[in-house]
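Let me begin by handing over the structure; questions about it come next.
Chain nomenclature is as follows: A, B, C, D, E, F, G and H, assigned in order of appearance, with residue numbering initiated at 1 for each chain independently.
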Amino acid sequence: MLISSRLIFIYRNKTLPKHPKKVRNQEINMMNPDEVDRKILQMLEQDSRRSFNEIAQKLKLSESAIRKRVMALQDKGVIKKFTIQVDPAKLGAHSVSIVGVDAEPTKLLEVAQKLCELNEIKSVATSTGDHMIMTEIWTSDGRELTKLLSEKIGAIGGVKRICPAMILEKFKE
Amino acid sequence: MLISSRLIFIYRNKTLPKHPKKVRNQEINMMNPDEVDRKILQMLEQDSRRSFNEIAQKLKLSESAIRKRVMALQDKGVIKKFTIQVDPAKLGAHSVSIVGVDAEPTKLLEVAQKLCELNEIKSVATSTGDHMIMTEIWTSDGRELTKLLSEKIGAIGGVKRICPAMILEKFKE
Amino acid sequence: MLISSRLIFIYRNKTLPKHPKKVRNQEINMMNPDEVDRKILQMLEQDSRRSFNEIAQKLKLSESAIRKRVMALQDKGVIKKFTIQVDPAKLGAHSVSIVGVDAEPTKLLEVAQKLCELNEIKSVATSTGDHMIMTEIWTSDGRELTKLLSEKIGAIGGVKRICPAMILEKFKE
Amino acid sequence: MLISSRLIFIYRNKTLPKHPKKVRNQEINMMNPDEVDRKILQMLEQDSRRSFNEIAQKLKLSESAIRKRVMALQDKGVIKKFTIQVDPAKLGAHSVSIVGVDAEPTKLLEVAQKLCELNEIKSVATSTGDHMIMTEIWTSDGRELTKLLSEKIGAIGGVKRICPAMILEKFKE
Amino acid sequence: MLISSRLIFIYRNKTLPKHPKKVRNQEINMMNPDEVDRKILQMLEQDSRRSFNEIAQKLKLSESAIRKRVMALQDKGVIKKFTIQVDPAKLGAHSVSIVGVDAEPTKLLEVAQKLCELNEIKSVATSTGDHMIMTEIWTSDGRELTKLLSEKIGAIGGVKRICPAMILEKFKE
Amino acid sequence: MLISSRLIFIYRNKTLPKHPKKVRNQEINMMNPDEVDRKILQMLEQDSRRSFNEIAQKLKLSESAIRKRVMALQDKGVIKKFTIQVDPAKLGAHSVSIVGVDAEPTKLLEVAQKLCELNEIKSVATSTGDHMIMTEIWTSDGRELTKLLSEKIGAIGGVKRICPAMILEKFKE
Amino acid sequence: MLISSRLIFIYRNKTLPKHPKKVRNQEINMMNPDEVDRKILQMLEQDSRRSFNEIAQKLKLSESAIRKRVMALQDKGVIKKFTIQVDPAKLGAHSVSIVGVDAEPTKLLEVAQKLCELNEIKSVATSTGDHMIMTEIWTSDGRELTKLLSEKIGAIGGVKRICPAMILEKFKE
Amino acid sequence: MLISSRLIFIYRNKTLPKHPKKVRNQEINMMNPDEVDRKILQMLEQDSRRSFNEIAQKLKLSESAIRKRVMALQDKGVIKKFTIQVDPAKLGAHSVSIVGVDAEPTKLLEVAQKLCELNEIKSVATSTGDHMIMTEIWTSDGRELTKLLSEKIGAIGGVKRICPAMILEKFKE
């Protein structure tokens, strides 16, 4: 395992230009959120509709301080989205499955992107392990899943194999 | 794992004609949210801090109608939580992994519950497939993951084998 | 996948104290070795006995500048070792194998450390994939490998399963 | 993958009595390095920049005897290279992975050779086991690995499937 | 795959209280067969040639009541077929195998349907797990199975891989 | 798992010429059912409640000849059972799974027998392949399956691992 | 793969009482070799060059009786071949491997037959399990095996994947 | 596993030029059998009862020269045994299986040796790949195999898992 001319690659590919100005300032903070930020994140995670006023009172800070911090957390991308969590079964999706997708290597990224466009597919990630693409799929039942796998996912150019596993019960999410 | 415009799919595909008489009453409604509920869910999924007023204006309904429907969606469990989505890397969690856990069969549920208590474990589910318990784990790096697997997860009584796979890149979630 | 009280973990475990003063200075350089450092590394990788004088002439720099840089690369840990690469077959090791080792989860780190003590084991790493510990083992032949796996590796407390694969031919290393 | 004190093992275990008459001449010597050669290899493995003089003093031999032996070890191919060992993380390569590559059988050797040309690939070997080609790849992170697998490795004619596993922590190398 | 006394289990475990208002009408009944229906199903499962009269006497009901209920169970599809169970070995089928079939994803349903047409294939289902199509195949011996897999199953367009496992002994069916 | 017109295949392919002298007597007959027996089996497989009279008319034989043959088929064990086929979903069993069970080798037969006693388990067989025991299990949903696997199957002495796969859709049975 | 004293087992365990009337004639005899045949087979398995005279003396029978029986065993195909067993290592074949071969299903038989033509391939069989074709291959070393797999086996039309495993040590054969 | 004309391959491919000086003496000869030895081995592999006289005539050598060479091949261990090859099916062994055995690592060699003692087990070897011990087992049918695996093989101390695969058809052996 030796370096050499190969080293050249790593440095060139490194996306250094992306965050050029960030190394000096408070920015580092973002990577190491202080105690207050952490408490704010916890409170919003439990209920994202909590008012800044309520958070401020709990943390004994001013409402404007909280607002400023929440906005900073959003700006820096720590908070990606204020959103809701729904129950698939209550929406008629009785079959929740983790589906591994094998693609022709050259079409890996393209397949991952096309999978994102299907409404039944709730998450898409590339991973190490048995399949390079892992997805979470919600369908009303196994029959509909079979159809989806065959007619929609299988029809994406470059998809070679599809390996579904069913979620039996979610304990934490 | 969030719904949104994707919800549209599930309802359309659902073989509604099968149970034609059920759609009348309120309770069944929950299983087959009407068009308005679906739009509300989409809007909240995109931004859960949206005011009822804003939603009401977009859907040309009264604010109180929206409030009533959102509360009903929460009461029925369709909406499980108003929450936030965060970026693990921005919080210092550079290693996101899917870890399969094999447990002694009699301790399956117990192990699943104990895994839920670990902060680094973001989700726990039982599933079919190679491992009966699947978890998503965030750690700062591979070294910390090794330590967590050995010292915390391995120490749970009944855990027999641990099989981690790394998430390389998330495309949709 | 939501954060919350779990966030606390990540920050606490993060080994922040380790590199406290590093963020300001030239230190960053180490992460982004400049063009000169890279060329030095390449030249040493090809032949680590090259004199500083020879490197200096090629790079049109003073010998003392090269010496200073090489020492800095060593101090920072970029260069871990000046060493030699040997041919196992020429030393009588006709069987080179990649051996996956499954351990009781709580003994994972302990097993990894004990494996390091065996002379026939040339590398030990924890990994994702089929086996949490991967090793490279050199033995004179398959019979000796069988004996080693059974009598030495199997005898390490906590080792549960051993899965060898043979290296047929090395193309690059 | 370095030898050192470990070498001792191989020679002891070797069933030397089998070919008792062979040990006389120089060529056979290479296969059964004597005690002095072994000590020289160990010392160079620990620090390949050690001077012949230093080695000579430690082994109570003349500098010229050491020089002659080291040159013989190089000529016979026992020592393949004087080189350095670097730390991937210190060079910005935070993702170290073992990637199995499946190729069309007829293109096996061709694929192995083309993989050697990629800078990010640090080692390439054919092996028995799940994948006929095993590689070690260094990239800055998982996203870059995904891109490399898809755009460079997948684009090699004859590559059919790519299965990455991440190295979590190296204990010995 | 037949029901019988086992049916009892499913009804007891079913969380009936969940839909308390549904039990009133006839159609819902079908989903929750009452005690009498269950006993009828058990008796027919044990011997489908039992006369309605015999069943009526055992359950202390009129023959016409039994007839009506059996016809209702058939109409609703609870009873799919009155049939016989045969012994493959007694018919010369000494090789009973479970054969997983991998198909091109887009041809999944088509392949499943074509497999149904082969007489040696006794069951076809799509499933999660290692292979998306699972079949049970009866042949006179392994040689005939090899021929069948190669010449008939392999010849179905879209079949990519065939993985047979032998049934050694059936304990319950 | 029912025979029918498929029977035709087995007899045709059977290498009958191999044992030419054996076909004469009654006992051997059982192994090589003649054309009439085969037609009777097919008709009963399609509807086991068919009267002997109806079968007799179709085959242009006397009712007593049919009765005698059917009784002989039962006596010889060719027909194991007159039974019914039911629809699991119509009985509230929305989760149909194929579950592989690994047992301590010495307890293999014992575990297989104990599995037969569970009502939710519809079939049990030993097999080659990934798991030595294969079962078909019907439960109302995934949550109940999780509980069954953990509390009932896992509690059988000698059970070491349980690997479920879901049946998505049955095409033939 | 040789018989010998092991034969004893098979006959004892065989459920002979099942077909009591069959044992009379000569042809059936072949399927149930009597005690004398079994002893002859054992003696020939240990040393196929033993003279009929030697066997006759040991079994206290005439030489012509032994000759007749051995010829009958050959005629019936019980003895397929008088042959020798050689030591691959002594012939320079230091790499003995079990190689699974995946073929396009329609070409399964054709591939199996073509594999038989390669000299390095010592046995070819179709099987259930991970690969439908299993072969035993002798080559001088791993490098030669790599070449054989790529250039000869891979070049057979219909071969899709090749999975070698090395034999480390043979204990019985 | 028999040699024959296949031997030709190994010698041709062997990189003989590598050790040019070694071919002189008798002992080395054994490793590189000359053309005559090779022809003798082929002839004996085809029929081990061939007389030395017959071989001598075909090779145009004296009978005593052949005798001397055959004895030398035996002395050196090139010929391990003069033996016979039998047909398992003709002996009532209708189930021929390849069975992988997983053992506690420390008991690997002990388990391998105990397996050798079972008559039904025709070969035992340690190997790389899915299971460290591979065996070939002959039983009369699947039911007897199940019993053997459970009651005899499973009862060997240290055996942890047993994975059988059936041989469907042997094409070459």
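Basically, a contact is a pair of C-beta atoms (placed from the backbone, for glycine too) under 8 Å apart; a residue touches a chain by one contact, two chains touch by 3 or more.
Please read these numbers as outputs of a predicted model, since none were measured by experiment.
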Inset, instruction - Starting at chain B, find the fewest moves between touching chains needed to arrive at chain G. - result: 2
Inset, instruction - In contact with chain F and with chain G at once: which chains are those? Just list them. - result: E, H
Legend entry - Distance from chain D to chain A - Cα centre to Cα centre, in angstrom: 39
Legend entry - chain B and chain E, separation of their C-alpha mean positions in angstrom: 34
Inset, instruction - Report the inter-chain centroid distance for chain G and chain H in whole angstrom, where each centroid is the mean of the CA atoms. - result: 9
Legend entry - Centroid distance [mean C-alpha coordinates] between chain F and chain D, Å: 57
Legend entry - Numbers and ranges of chain H residues touching at least 2 other chains: 126, 128-130, 142, 146, 164-169
Inset, instruction - So, with touch as defined above, which chain pairs make the list? - result: A-B, A-C, A-D, A-E, A-F, B-C, B-D, B-E, B-F, C-D, C-G, C-H, D-G, D-H, E-F, E-G, E-H, F-G, F-H, G-H
Legend entry - Touching residues (chain side chain D, partner chain B) in the complex: 94, 141-143, 145-146, 164-169
Legend entry - Interface residues, chain A side, partner chain D - complex: 1-3, 5-11, 13-15, 102, 104-109, 126, 128-130, 132
Legend entry - Footprint of chain G on chain H - complex, ascending: 1-3, 5-11, 13-15, 30-33, 41, 44-49, 76-87, 90-93, 98, 112-113, 115-116, 119-130, 134, 136, 138-140, 144, 165-173
Legend entry - Complex contact set, residues of chain A against chain C: 1-5, 7-8, 11, 14, 16, 23, 28, 32-33, 38, 41-42, 45-46, 85, 128-129, 173
Inset, instruction - Please give the residue numbers of chain G that touch chain D in the complex, ascending. - result: 97, 142, 146-147, 149-151, 153-155, 159-166
